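First chain A sits with chain B, and in the next complex the same chain sits with chain C.
Coming up: the complex of A and B.
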């Protein structure tokens, strides 16, 4: 991922979509979207924690730090979050507030 | 039901090797009625 795209998502405010339920699993969690019926495995507990606390932080980077994700892994987590955004599992905060 | 590519946490895995596919996996629920 080009750094500009990574920097963009890391500095934006995001939140879990209100249509998504997280089911805890030994490997992390299952995320199910009741609107589009998409199902995604979140394969690390740290990613589950990031998704859970996204709405409590002003941007993604601070959520990653709060969840204990090392800075060296922020690019991978940013790419994963972009993947979750593509299926509406997470939404930009202003969009979440407007819906 | 478990992720098909699930790897155990490995201390030897370097951060530089981590990619999005290590963190998420999208699956289709078509035909899974009654399975989960």
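Coming up: the complex of A and C.
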């Protein structure tokens, strides 16, 4: 079941939410959502990079590749991204919603 | 990216936070020391405006800098911030510069008109201070009429369609028994309850002995917080209670100078909102380099971010959960900073309080010199006569020896 969900997010197009600002920090970044006031900590610089480039890529998997995340870690990053999606830090891009 | 990595990669957030951040997460900004109330436990000893308070232009420059540093929101307080004539302007200025605002108020200026403006503004949270679920309990510490003022403000906000106001309660010996009533009150106004810890800071030092929760009440509070979880906000202020067992939601460490700090009305930067004292003054943002220099390079903040030893607490099995408790609570009760919190739930605080200690003198006081119209008068029925026995009998202590001249009333 989790594998199915995971596969799905890796093939989808996502982007940082428009209400979210990223602040670089020595450990990674802080993400603040001005709408729901949630503060999230991105604890790895690689994850920050993935989140930043999500919108430039057709799907999550190619964003992970572009950010240099080894394939063996794609599942873990997929899980982290789903966590971010739960508080609307990232959201699916519109064309994907329509399909 | 070739710089030497001084901090570990990954690891727990607490480990990262202890080393400090490039900008604070939780920044409190007291806009004025002026206040219409004179609460007995005021953290900042507020009352009178300070003539050196930042001008409108200086406040705007602070907001510009916070925007550059990506401080996403500030907690504005005072004093009573809304009685600054430029308060509403500064609020709009902050929001327009991507600095969200949560402001604390006793409600005095939250009229129906202002409530409507607030309801139409994004990125503004309003926190109404209330320290009793009944007028009797609230007004005892906040002053006559302050309960009605707060409830009127909440009503105005609700009527205007303002969503999710906060009711901010300082937990005291008098109101721990009212937690369910506070929650009901919050529900009635569509508000969220926020409970915070009474600190012996400012005028709070004068009433702390009388008002701080008793040991049994701490357990009641802990159980209540555990049962209500994330529905109730705490400003992460009860991490000393973690030594009862499980940690409460939120950050369980002292954030002073690491993730938290305070800007006072004259631009002085302190390590935390509960530590307005020269010992915790890191610098002034009007000096060269502004707030950023104070936050990133001041000597005091650098020291607070260096590894701390647990001192007397290090050998306690609960040290990893409570981390020694609140620095301000220790300082203002005259306890060593590397020892137990005065309200240590393992009982070490009581032992420490019973020992020799000197309560530090206040380094600032903006209290009004004369009594004000609605100043609280914390009178209680005394359990024993206030004066010696001779007040009740003019012959008390009189010995029939004819030469005695030394009656106690002489």
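Here is the rule we use: the second predicted complex is superposed on the first by the 93 of 99 C-alpha atoms of A that agree within 3 Å, B and C clash if a C-alpha of one lies under 4 Å from a C-alpha of the other, contacts with A are read in each partner's own complex, and residues count from 1 in each chain.
Convention: a residue touches a chain if its C-beta (ideal position, glycine included) is under 8 Å from a C-beta of that chain, and two chains touch if they have at least 3 such contacts.
Keep in mind the model is a prediction, meaning the values are calculated, not measured.
**Student:** Have a look at where A:21 lands relative to chain B and chain C in the superposition and call it first, second, both or neither.
**Tutor:** The second partner, chain C, only.
**Student:** Once the shared chain is lined up, is A:34 touching chain B (first), chain C (second), both, or neither of them?
**Tutor:** second
**Student:** For chain A, which side has the bigger count of touched residues, chain B or chain C?
**Tutor:** Touching more of chain A: B.
**Student:** Please indicate which partner A:76 is in contact with in the superposed arrangement: first for chain B, second for chain C, both, or neither.
**Tutor:** It touches chain B, and chain C stays clear.
**Student:** If you stack the two complexes on chain A, which partner ends up touching A:87: first (chain B), second (chain C), both, or neither?
**Tutor:** Only chain B; A:87 stays clear of chain C.
**Student:** Examine A:43 and indicate which partner it touches, taking first as chain B and second as chain C; both and neither are also allowed.
**Tutor:** both
**Student:** Once the shared chain is lined up, is A:58 touching chain B (first), chain C (second), both, or neither of them?
**Tutor:** A:58 sits against neither chain B nor chain C.
**Student:** Using the superposition on chain A as set up above, list the residues of chain A that contact both chain B and chain C.
**Tutor:** 25, 27, 37, 39, 41, 43-44
**Student:** Which stretch or stretches of chain A touch chain C in the complex?
**Tutor:** Where chain A meets chain C, its residues are 21, 23-27, 30, 32, 34, 37, 39, 41, 43-44.
**Student:** Which positions of chain B touch chain A when the two form their complex?
**Tutor:** Touch residues, chain B against chain A: 2-3, 5-7, 9, 15-16, 18-20, 22-29.
**Student:** Note which residues of chain C are touching chain A in the complex, please.
**Tutor:** 7, 9-10, 13, 16, 19, 21-23, 25, 70, 72-73, 98, 100, 122-123, 125
**Student:** Can you name the residues of chain A that touch chain B in the complex?
**Tutor:** Touch list, chain A to chain B: 25, 27, 37-44, 47, 70, 72-73, 76-77, 79-80, 82-84, 87.
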